[in-house]
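Structure incoming, see below.
Each chain gets a letter, A, B, C, D and E, in the order it is written, and its residues are counted from 1.
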Amino acid sequence: MLDSLYQLVSIQTLAWLIVAFPLAGAAVNALIAVGTAKREMGAYRGVVSFFGVFLPLLAFAASAAIFVTMTNFEGVDPSFITGSLLQWAVTPGLVVDIGLKIDQLSIVMALMVTGVGTLIHLYSVGYMGHDEGYARYFAELNLFLFFMLVLVLADNLILMFVGWEGVGLCSYLLIGFWFEDKAKARAGTKAFVVNRIGDGFFLAGLFLVYAVMASANAPVGSGYFNFEMMSRYNAYFVPAATLISLLLFGGAIGKSAQIPLYVWLPDAMAGPTPVSALIHAATMVTAGVYMVVRLNFIFALSPFALSVVATVGAATALFAATMGLTQTDIKKILAYSTISQLGYMFMAAGVGAFSAAIGHLVTHAFFKALLFLCAGSVIHAMSGEQDIRNMGSLRLRMPVTCWTFVIAALAIAGVAPASGFFSKDAILWQTFERGQYGLWAVGFIAAGLTAFYIFRAVGMVFFGESNIPPEKWKRVHESPTSMIIPLIILAFLSLLGGVIEVPKILGGSDRLGAWLSRLIAYETAHAPDPSMAAREIIVMVITLLWSIHFVVLGWVIYAQRREWPDAVAKKISIIFRLVANKYYVDEIYDRLIVRPLNWVSTKVLWQTLDDTFIDGLAVHGTARAVGVWANIVSMAETGVLQQYLLYFLIGAVVIVGYLAL
Amino acid sequence: MIITVHHYLVLSILLFTIGAIGVVTRRNALIIFMSIELMLNAVNIAFLAFARWNLLIEGKMIVLFVLAVAAAEAAVGLGIVISIYRNRQTVYVDEMRLLKG
Amino acid sequence: MNWIYAHLLTSIIFLPLVGLLVTLAIPSRYEKTIRVVSIVTSSFVLLLVGKLWGGFAGSGEFEFVEIASWIPSVQIFYRVGADGVSLLLMALTAFLVPISILASWREINRSVKAFHALILLLETGMLGVFASLDVFLFYVFWEVVLIPMYFLIGMWGSKDRIRAALKFFIFTMAGSVLMLAAILYSSNAAGGSFDVVAWYAHKFGLTEQFLLFGAFAVAFAIKVPMVPFHTWLPDAHTEAPTAGSVILAGVLLKMGTYGFYRFAMPLFPMAVIKFAPLMLTLSVIGIVYGGLVAMVQPDVKRLVAYSSISHLGFVMLGLFSLDPQAVEGAVLQMVNHGISTGALFLMVGMLYERRHTRMISDYGGVARTLPVLTAVFVLITFSSIGLPGLNNFVGEFMVLLGSFQTRTIYSAVSISGVVISAIYMLWMVQRVFFGEITNEENVKLPDLRVREYWVLAPIIILVFAIGVWPRPWITAIERSSNTFLGLTKRVEIFSPTASKGAENAFPSFVRRGEGR
Amino acid sequence: MMILDLLTALAKVVIIFAMILGVVPVLIWMERKGAAYIQDRRGPNRASILGMRLGGIVHSFADALKLFTKEEIAAGSVSKPLFYIAPMITFFIAIVTVGVVPFAEPLRLFGYEFNLQIADLNAGLIYVFAMSSIGVYGLLIAGWAASGKYPLLGALRAAAQMVSYEVALGLSVVAIFLLSGSLRLQDIVIQQGALIWDWNVARQPVAFVLFMVALFAETNRLPFDLPEGESEIVAGYHTEYSSMRFALFFMGEYTHIIVGSLIIATLFFGGWQFPFVAAELMRSNMDGVIVIGWPAAGIALLMFGMFLVSRFRRRYRDLRDYETLLFGVPAMLFATLLLIAWAGLLTRGYLDNIPAWIGNAVVFAVQLGTLLAKALFFCAFFIWVRWTLPRFRYDQLMNLGWKVMIPIGVANVVVTSAVMVFRP
Amino acid sequence: MFEAILFYSLAAVAVISALLVVTRVNPISSALMLVVCFMATAGVFAILGAAFIAILQILLYAGAIMVLFIFVIMLIGTDPADLKRRQMTFAKILGAAAAVYLAIVLGLAAWRPPFIAAPMAGDAFLSPATIGKQLVTTYLLPFEILSVLLLIAIVGAVVLAKKKI
């Protein structure tokens, strides 16, 4: 069937199609949105939903086709580069051609993005059904898919940066989708600004890369930012490697919401839930990890940078996990869990286990998307209610959502058969194996906390007695089928996702590691030594038990004994309040950065420096001085003719006197 | 005792100074005008003296122009004095302080 | 017609003048015809500039040169010619003028004839500035531009317009007086002629270069505006009518940078070496300072005005870092800034036309009633922030990339400018467009009319065009900026930037191995 | 040598002033006689010396005698010094203007040249013009000194009139020296030549009329009589003056008339040029002139004597009746004597080779005679006008002066210069 | 010798009459004294060989300007009362002293040794013809400007003197 497909279209054009389909969808929907700006949607709703869902599906199909063809390439490196569509900016030193690079890593990402994307598109048909901005929503969502695919499939850093910022733009638009509400609009701006700070670092990294490539007197004609060229000349990167990787990692922190720049993600929940699912769980936030893995040959050059990545990752994981414990808004809980899972990925990348990071990325996409979608259907059902405290025993009315949520919870907690177990275990084991025991410990604790808070949510929302007001309880009902189907598919994926990463020790062939091995130069240099096998089994068992312990604990407390946590909270009230308010990080940022910046630019720069000094003193000051001086001089004019003559005569005398001397 | 150009210069200076004193000291506008005419005459003497001693026609030309200008000045000056007199009933310069600065 | 083709530049420069005469001839009550005439003239000028671009060979030297003796006794000739940069800026002028005329269709209803006459006179002045090779002619056109702008602000501005117009006039005049002195001095130093090419060839003495560069730099710095001399810009913009603001921001500011590009820097290379750190610090301050102050402005137009100070800071950074990418980026940024800030002013004008207020606090939640305007405004905001794929990114990226190679620290600090611009623009957009509708006037505002579509459409197309496919624009600049660099870097002694003669030397601090 | 020059200058002054002062009483007589005949009465014939009334001329001597012997009255409020100086100025200015008039060609006797012209200024014409402008002072000071209302009014009127007509006078004068090309009066006369149609009056009729009217204004003669204006302001500026000072005014006025006529004659009527007989022509065929001239003079004298005798009537039965005889008979005798002498010389052939100096002398005499004749004719004209035209009103005077005379003067100058340029 | 006498007499007359002009209380007498002074200066001009200028001086100054002055003085009339009020303020004394000082300095500067007699004056120098020719050739421009000046003066005088325009 495939080769008949290839008669029709070459693999390069197929690659372009992956990107072209979402763009086409975005364009059509945008036109419809503008067209029906004021008028009622009516018939167009069907057209929009058709294009909205079908085109991403086509993109998924195309990437699947390419993936299949690549898998049956034995031995030979199946990756290829599509020719440059157009030379973007041709100056003597800067040749940037827009082309796609399909290799093992990017096709995996493409598959994940289009797959989860399509499911979420299908889901949002139901979720956003009655919203009047329907066409605009789908246009922005498709545009997001387009930019994400550009980011993932780009063959050079500049194009990746284009995707990088494009994705930021779409997240801004989608978070602030319901722009009537001031808080939501502010959240959108906050997201974009924080991303932009990260992009600043990314840009600096870019320039450094350019500097290095230029000095490596690579042939001028070739693209300095091309991954191929960069990997070929990475010997020249040695001196600047640390700085470049740190700067690029700065960009990643901004985009993937790591420690200093994570504040925007919890606020990003203001957007519609499918958006959170797609952007703030599965795809955009993982862009940082993808970038680090893509440029692993640079990061590998500087162990210091890698250790920084690892520590930041681990710290974020633990920090976010603790914050997840006390959240009451269901979407906020999931946001913090995303941050902590991302922390895991970066920890993996930091320690050099790039394939494990990718593995966790993929599995995380599945179960985190599922969690968000379930939350979405709960909110949809509860008509906008997001606080878990006034939910409970929803399992009676929404069985499918409940059980899919539980499966996802198991996966994230890392319980045996689910995919989460394999990917998280791989990370923890690789960290342990590489001797990073400190990091392993942090990871270990974070895993426990994750299990606890997720099952706290499960207990509060689905089990235990319901504290939903009666009139709302009547209207609670299971979500429509268009929302249920994606849940079920994702549930399967969460369960079976782990298969790609079954470690050798358990008889699996660690397909993902093998698949990516050609790209990850670092890993090959670090082959696993057989003596550690036994220890690996022990570690795996310990982590499994640890997670199960917390799962039971969480479920029991929040399903049956709700009063216990309040008691505990009262005892350690100070710590509890600290954690509940997210360590006051937002307030600190506001106090330390936003307010002083405002004050400086208003008071110091604008009022004093600009208005009083330059404008007041220099400009109007001179004008006033001239006025004053003019008055003084006019005093001499008395009006009496004789005096003028006197001045005249005295002047003459003085001159003549001078001359006569 | 031959007359030299310096005699004429001294005469001219004398007349000029008398004119100047007249202009500065007198209060009556008309007297001031007359003193100015006097000063102009003094200048003419000097011009013609130099013209005569250097045999240059230019001296005479300038004197001609000075004469014409003096005539014009007198005409307009007197016009002004008359109009001031008509409005202020005074010809004394120190009472005309209208244009104070 | 072939006369026009033969003397293309002169006809371009003086065609608006013909239009001016025609408008003056029409009795002032036929407002409609006057408007049509001025639109037709300016669009015809645009066509001619298109033809000019067509025939442009892209060589480093000046093309379409026309010489005619003007005041032979003092060796002042009417010398006109265009190289890549002047071509681009003339295109920008020819592009912006018809748009601003179209935009002020409804806004200007008082003494329409005078308005259109002034606009056309302004266009002649601007085109003249960019095309003149004879420094004296340049100075004449430089002054010609001043007067109509003064009247535009003075007569059709809002309440505090006289003060602003006066301030604008005196500021620029003070600068240009200094420049005149410098022109006269250097003309007799360079053997009496005013021909710029002859001046390029002439070797100015060291102290001569410093002083002359100082004089030229002050005049152009006021016009750019660089930080210490910028206080006239916000006032001029807040008080100017929409058309005035668009042209003021779009073209008049570029005359300053063009001045540096054409006269101040290539003529006095040694002075450039000496003053480069000062100018770079000023431009970086401009970027950061402009951005920060823009953030807290209560008035939209003042915010956009300060933003243009920040954007032009980038242009100056590009020019003074003497790196091929940076210079080309700077020139491109001039055009991009003209387009995006021009569009911003147009839309602020449209908002002003509807609500008659510029205070951000008066707006809020306007997106609901003006969806299309909001969409375009957000698009242009992202273009002016420098979102990749849109026009400003190309220029900003090249400037930062280029200046990073030669002047790393300055470039690093300027990157913060990119972030700050995102902050103030988005914050403004959010306060103006998004959020609930606070006061009730915003409820019933009419959305964009057809005319306004026609005003914004070309700009949107151009924004995407440059963003996605900047190549044709860059090839036009490439060789002329190389000649510019050739002239500016012709120094005998070793200059810190050009180390191994490699076009873009390795940034010093990175070469850890070789030691700085 | 210096003394000789001084003496000749003195002689010239004495001769000319004597001539002028001699003519003044004749003029007064003519005035009175003329006025009488115009008003159809006999005029002065009472005053007689030893019965000789000389047709009334004696009357003028009587007037003079009266004025000199009258008492000098000066009013109290009069500012003494000015009051005394004023008449002197008027008379002095009037007399001084004659210095420039050329009475005849320079006489060459015994190798020595004698020019009957006091000051041959090369800016003679302007001198005339200057003197006329100063003439105003006399009247002004007189009017002011008398410090009364009428004299002041008279003075103001005089000043205004003189100043405005001075401009007209100047413009007409300009037309003349445009033609003659020189300011020296001698040149102007020579340049006019003997032929009448070359005289300036023919070539510049407009200028002549203008000059004539302006001169009337300058001398305050009748149509322009406002400063004296007996009927309105009681003799105007010289109301306060009596006897001797009044006489001075009176003589000043008449001198001004005589000198004015002399100037008109020189400027417009060819000065000392005998009509149709150029001076050179006369000098060259001197013998012919004498041969004809001498008897003609004799016959004329004879005729005059016979006329007088025929008028003899015994009306008064006293000396006065014999007056005509007393003059008529000697005239006839002398005439016959002349004729006999002429016949004798002619027959003896002395007349055919007359020595040069006689020629010159005769020509000199003829020229002097023609000039005086012309002057007397104009004096008659003055008198004639005085007793025919009524006095101008003040605004008419001013209008005529400013709005008529000056424009015509300017036009005349423009036309003449245009003509001169385009048709040299 | 003769010329010296003439010069000294005329100079004396001029200076004395000038002094009288300045010192006389009654404007009329000072006006007349000024006329006398003009006559004297005209005489001096005549000695200096500028006969035409001398006559012009008489014609213009004495004949026209002074007549105007006296005319105006008569119009304004001298009120005997305030003729007596004459007080010397310090400024006036200072002015007079300054003028005197100026005279002395200039006088000393003028009175320098090389005393030479007047060179022979050719006829061209004396006659008004040359002045005429010069006036219309080399000095045509000032001549034309002068005519404009005089026109303006005329118009000015008329406008000033008219009661209501």
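As a working rule, a residue touches a chain if its C-beta (ideal position, glycine included) is under 8 Å from a C-beta of that chain, and two chains touch if they have at least 3 such contacts.
This is a predicted model, so every value here is computed, not measured.
K.L.:
Count how many hops through touching chains it takes, at the least, to reach subunit D starting from subunit B.
P.N.:
2
K.L.:
Say we pretend subunit E isn't there, which chains still hang together?
P.N.:
Ignoring subunit E, the remaining chains break into A, B, C | D.
K.L.:
Which chains share more C-beta contacts than any other pair?
P.N.:
Highest contact count among chain pairs: B-E.
K.L.:
By C-alpha centroid distance to the whole-protein centroid, which chain wins?
P.N.:
C
K.L.:
If you average the CA atoms of subunit C and of subunit E, how far apart do the two points sit, in angstrom?
P.N.:
Whole-Å distance between the two chain centres: 68.
K.L.:
State, to the nearest whole Å, the distance from the C-alpha centre of subunit C to the C-alpha centre of subunit D.
P.N.:
Result: the chain centres lie 92 Å from each other.
K.L.:
At what distance in angstrom does the C-alpha mean of subunit C lie from that of subunit B?
P.N.:
It comes to 63 Å between the two C-alpha centres.
K.L.:
So the centre of each chain is just the mean of its C-alpha atoms; given that, what is the distance between subunit A and subunit D in Å?
P.N.:
128
K.L.:
Could you list which residues of subunit B touch at least two other chains?
P.N.:
As it turns out, subunit B has residues touching two or more other chains at 20, 24, 27.
K.L.:
Could you tell me which residues belong to subunit E and also touch two or more other chains?
P.N.:
52, 56, 64, 68, 92, 95, 98-99, 102, 106
K.L.:
Run through the chains and report each pair that touches.
P.N.:
Those chain pairs which touch are A-B, A-C, A-E, B-E, D-E.
K.L.:
Considering the complex alone, what residue numbers of subunit E touch subunit B?
P.N.:
Where subunit E meets subunit B, its residues are 1, 3-4, 7, 11, 14-15, 18-19, 21-22, 27, 30-31, 34, 37-38, 41, 44-45, 47-50, 52-53, 56-57, 60-61, 64-65, 68-69, 72-73, 75-76, 82, 86, 88, 92, 95-96, 98-100, 102-103, 106-107, 110-112, 115-119, 121-122, 125, 130-131, 134-135, 139, 142, 146, 149-150, 152-154, 156-157, 159-161, 163.
K.L.:
Under the definition above, what is the set of subunit A residues touching subunit B in their complex?
P.N.:
634-642, 645-646, 649
K.L.:
Would you pull the subunit E residues touching subunit D in the complex into a rising list?
P.N.:
Spelled out, the residues of subunit E in touch with subunit D are 28, 32, 35, 51-52, 55-56, 58-59, 62-64, 67-68, 70-71, 74, 126-129.
K.L.:
What does subunit B use to touch subunit A in their complex?
P.N.:
20, 23-24, 27, 32, 93-94, 96-101
K.L.:
Where on subunit A does subunit E make contact in their complex?
P.N.:
642-643, 645-646, 649-650, 652-653, 656-657, 660
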